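Only one structure is covered here, and it is reproduced in the block below.
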Amino acid sequence: MRMHAAKRVEIVIEAVMETRLTEALERAGVTGYTVLPVSGGGGRSGRWSREGQVGRATGMVAVVCLVRPARLDALLEAAFTVVDRHMGVVCVTDAQVLRAERF
Amino acid sequence: MGDMVALAGQTLLSPMILFFVLGLAAALARSDLSFPEAIAKGMSLYLLFAIGFKGGAGVAAHGVDAGLVATLLAGVVLSAALPFLAFALLGLLTRLSATDRAAVAAHYGSISIVTFVTASAVLESRGIPFEGYMVAVAAAMEAPAILSALWLVARVAPPGDRAGAAEPGLWREILLNGSIVLLVGAFAIGWTTGADGLAEIDAFITAPFKGVLCLFLLDMGLVAGRGLRAARGVLAPGVLAFGLAMPLLGAGAGLATGLALGLSAGGAALLMVLCASASYIAVPAAMRVALPEANPALYLTLALGVTFPFNLTLGIPLYIGIAGALAAGG
Amino acid sequence: MGDMVALAGQTLLSPMILFFVLGLAAALARSDLSFPEAIAKGMSLYLLFAIGFKGGAGVAAHGVDAGLVATLLAGVVLSAALPFLAFALLGLLTRLSATDRAAVAAHYGSISIVTFVTASAVLESRGIPFEGYMVAVAAAMEAPAILSALWLVARVAPPGDRAGAAEPGLWREILLNGSIVLLVGAFAIGWTTGADGLAEIDAFITAPFKGVLCLFLLDMGLVAGRGLRAARGVLAPGVLAFGLAMPLLGAGAGLATGLALGLSAGGAALLMVLCASASYIAVPAAMRVALPEANPALYLTLALGVTFPFNLTLGIPLYIGIAGALAAGG
Amino acid sequence: MGDMVALAGQTLLSPMILFFVLGLAAALARSDLSFPEAIAKGMSLYLLFAIGFKGGAGVAAHGVDAGLVATLLAGVVLSAALPFLAFALLGLLTRLSATDRAAVAAHYGSISIVTFVTASAVLESRGIPFEGYMVAVAAAMEAPAILSALWLVARVAPPGDRAGAAEPGLWREILLNGSIVLLVGAFAIGWTTGADGLAEIDAFITAPFKGVLCLFLLDMGLVAGRGLRAARGVLAPGVLAFGLAMPLLGAGAGLATGLALGLSAGGAALLMVLCASASYIAVPAAMRVALPEANPALYLTLALGVTFPFNLTLGIPLYIGIAGALAAGG
Amino acid sequence: MRMHAAKRVEIVIEAVMETRLTEALERAGVTGYTVLPVSGGGGRSGRWSREGQVGRATGMVAVVCLVRPARLDALLEAAFTVVDRHMGVVCVTDAQVLRAERF
Amino acid sequence: MRMHAAKRVEIVIEAVMETRLTEALERAGVTGYTVLPVSGGGGRSGRWSREGQVGRATGMVAVVCLVRPARLDALLEAAFTVVDRHMGVVCVTDAQVLRAERF
């Protein structure tokens, strides 16, 4: 299989900020992303869990983007403006993708 | 007085409150009893749907009282004004930052719809009537407090903490948040379709209502208890004192307004409940966007872990008792 | 005619339709009101369970009418034939590829069970009886249209687009898809257990039914509105025209068949609804497997964003009105 | 005898059992019918809530029978003793490791609350009364069997397999597991609030109960069927024989105890059901923590795929029939 | 801790194709995989979200497989036959695993 | 954007063990973790799926931790004591993170 170098960016962010983040990513030219639900976690602001919650205030989501390496900086800058004042983490990994025409 | 104690006793021993206490106790004892998030959200959608529709059908049945507009306006003013009181009280009792105080104040100006729903269920069980439009008042009181809090922040908080208030889309999110849209929409549909509409869906929204509320309050008890356990650290004595005193001050303001407006005893009690309760769904979400620097553990623990249990167990019977003693027809 | 307008007005002002409109409006206004996926799926399971069981119990109560088998067969034929009409009409009105046309055609030959459920609730509210076995007809009409569409694709589509039809397991998936199994299973159990069975679970499937349907249609309105907003791009005028004309043609075919079979006014109206409605649950899933080259935004937007709202608001009262005027006992 | 067959027939043709069979059949035919996890959990919370509350309200209504404490104690003893019987029987019939035998034994000493709920719904449908406190007996029988199984492991299993029993927090998890807390809590609240409390939530917990149970059993049938299909491999003939023989032995022990205690026919039947049924929620979770070396496919398939369907279809009518023939007032 | 080189393959694919994919993986000798729910995403065919949806037609899932490097090609080929005509992305990362005897 | 080297550890483990695992991680000095729901999977003990399940006995979760490379060993040791006798996999990837002060 022919693979192509790419970057896998994973952003864990508050659920209230999800749309703001994905809109910023789209503005930065990111062509695709996948949102995974997060059921709980822990960090400096303590532990939390989604069980029994009604509101969106305390939940988080994970947004995963695969991009060509050349686009990484634009993506990170867009993500950073949204994540900056908020809880959450941003993690980048080297990856290989099939079907590079999609990125 | 003896009546009030008896009423309080009756209320405390209603299944709704007992299930809340069961949830609280189970969470504090670290039981793994829990509700899936989807079920909790589903129950809250049901409760908003039912209470909104019944309120609207009530207005259709009894006609629009001159009081509706006056009470709506009064609710908006109370929601906008109470945050200033809360902000000042927090200044007296605690050493919190201005941003944290403003964020907490927004919650207490706004309302807890679950507390409202429980209080109206208690009134129904006791056979005390109330104005159907109180549900619209509840909806109207959700947002103004947020505006006041953001104004406070713009005046007193460090510049870095202010950016969020201008966040694009924030106001659409607040005014069209899911709970308000469902509550107001169901109210409008209940009003429009009136007795015919009610007859069609009565069996779904009336008979099972209190049972669903029991299950929902069980879950709220679990969530409140777990929140309390996780965030004991934020509850300094001054903060705790605020969480108990503020509902009483709010209820006082609600009572005065209710009496001035000539509301029925049930309506006055509900206005007290609205003023005494603190939001823990809509406002926290807005604060995470607009004031991310404020500490969510603080405002969630206060609203959900302190004031909500206080209102459910002691507050509601107290407010109903006082309103019954003082209001018209009481 | 005056009667039909009055009936249409009544239907449009029923809580069910108003909640659907509320959902549509909320989504178009970008409210964040939403139902968890699990709750939406839970409500749809409830509706299938209840409508299937009641249909079966109805057959048990009134005996098997000679019409059952004839109507079932007619439904199968309609479902298989309508895709050809849809495919031709799309050829006239649009410039879509043959694969896209075939995929859309499959949806319109098949049925929307939610539209069917809503129409039968409207009939019940209006006190218009209908044949209990119509539920079995609905189930029988789900799949044949898919076969026709795949046959069309095999004839006219580029070779690369044909592989999926031979996908192993596809037919088991289509014929044993969850909705069909639940609908047919509940129908069979309702028929078997008859009045005794109904007495046991009546309070669960009858009294709360319309209330659940209101909530479910609110969610469907949200989903349809959100789909419309996201996929406005695919709605060229010709495509939109198809989404409004095809249900009318389908309803005409259903009416003719219903009259020929001698169905009651209620039964004929339901057959019109089945022919007029387009699947947006079972068929899209089958198309993703069998025709992945077809554009899902196109068929989902048409079925769910255009035809479904059209049928719910204007179609159902129209079909009931016409069937009432023309059918036996009407 | 003829009566018993008739009763068995009636029970087998009740909607509850038929929906279970529908689920089983759909899963074996590989239909994709499925319930979201959240809905399945929500229904189980509802059933525990309702059955617990009704049990408590029943005790409030009929007063505390001297039998309550005796039956509770007997239940605890049975739950603790049956694992030894199961362990020995598995030794005779199978070649499983000691750890696997102990894990399976824990499940059969403990109880399946869904089987209990179904049996009590069948009793209600047949108009056979039973002691309200049987619900408390069910709760009391959940945990003792686990203790016995861990004791067995500590005696006979290889040392590496023993560590888990000392797992910190394990006992709090078992004793405060969600089902027990909800069942016992609802029982206590039902008892405390009595007829008044029941009147408030009756419409939620009584009328729709059997309908919810039908849907829930449909899902349990799906889960059991899927489990069976995935894990056919573990069902050696001896293992299968155990899954069918053990419930009969358990039922026998329950019958003898019920007669000795002088329970009503309904109460004795329920005690048989408790002894005959095997846990598939609480005990598997405890076994994963305490005995991770035991094979979960084995104990889940036995409890959920073999014994549960056996009890639902043949066991319950058999136990009710025998208890009716032999117990006081039978 | 003794770690072993492995490949982490993440495949985001339509929910309707989940079983076909996992069966193809099993046929290709993959001994384990984990399926994560996906709550939304965006790509060339637009944005979507799982909220309020009833059907499976528009949802996606993420399938994660850890394999020995030597098995990667077989896995990718199996995945490709399923993913080929469908929406979705395939991403491979270098990883290290504990307990290599499991792969 | 200034990035910092980190390790991304992903642990798929039985749901009943989630709290034991996160508590062990906290004791080992891990300052943050994110829990993702898992909807199904397959391995040596067969296939499973979360659909329709009521109990916790057969479900799994994925716990993702980002840590400074220096802390990796402590984390793995803590994870291993919990995972050891249980089903589940542990996978480590090299990553880069924004906002390193958080780890």
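Each chain gets a letter, A, B, C, D, E and F, in the order it is written, and its residues are counted from 1.
By definition in this document, a residue touches a chain if its C-beta (ideal position, glycine included) is under 8 Å from a C-beta of that chain, and two chains touch if they have at least 3 such contacts.
Please read all numbers here as calculations on a predicted model, not as lab measurements.
*Asks:* Quick one: which chains contact chain C and chain D both?
*Replies:* Where chain C and chain D share a partner, that partner set is B.
*Asks:* Quickly list, by label, the chains bordering both chain C and chain E.
*Replies:* none
*Asks:* Count the residue numbers both chain A and chain E use at their shared interface, divide by all numbers used there, and answer same if that is over half, different if under half.
*Replies:* Because under half of the interface numbers appear in both copies, chain E and chain A meet with different residues.
*Asks:* Which chain is most remote from chain D in terms of Cα centres?
*Replies:* A
*Asks:* Chain A to chain B: how many Å between their CA centres?
*Replies:* Using C-alpha averages as centres, the distance is 34 Å.
*Asks:* Would you kindly tell me how far, in whole Å, the mean C-alpha position of chain F lies from that of chain A?
*Replies:* 18
*Asks:* Between chain A and chain D, what's the gap in Å when you average each chain's C-alpha atoms?
*Replies:* Once rounded, the distance between the two centres reads 45 Å.
*Asks:* Check each residue of chain E and list the ones that touch at least two other chains.
*Replies:* Each of 36-37, 47, 49, 56, 93-94 in chain E touches at least two other chains.
*Asks:* On chain C, where are the residues touching two or more other chains?
*Replies:* Each of 32, 34-39, 41-42, 207-208 in chain C touches at least two other chains.
*Asks:* Can you name every chain pair that touches?
*Replies:* Pairwise, the chains that meet the contact rule are A-B, A-E, A-F, B-C, B-D, C-D, C-E, D-F, E-F.
*Asks:* Note which residues of chain C are touching chain E in the complex, please.
*Replies:* 34-37, 40-41, 44, 163-164, 167, 169, 219, 222-223, 226, 230-231, 280-282, 284-285, 287-289, 292-293, 295-297, 300
*Asks:* Quick one: in the complex, what on chain E touches chain F?
*Replies:* 1, 3, 6, 8, 18, 22, 26, 31-37, 61, 64, 66, 93-99, 102
*Asks:* Could you pull out which chain F residues touch chain E in their complex?
*Replies:* 10, 12, 36-44, 47, 49, 60, 62, 73, 76-77, 79-80, 83, 89-94
*Asks:* Going by the contact rule set out above, which residues of chain B touch chain D in the complex?
*Replies:* Chain B reaches chain D through residues 13-16, 18-19, 22, 26, 29-39, 42, 125, 207-212, 214-215, 218.
*Asks:* Taking the touch rule as given, give the residues of chain B at its contact with chain C in the complex, in rising order.
*Replies:* It is residues 36-39, 41-42, 45-46, 49, 53, 172-173, 176-178, 181-182, 185-186, 189, 192-193, 197, 200-201, 203-205, 207-208 of chain B that touch chain C.
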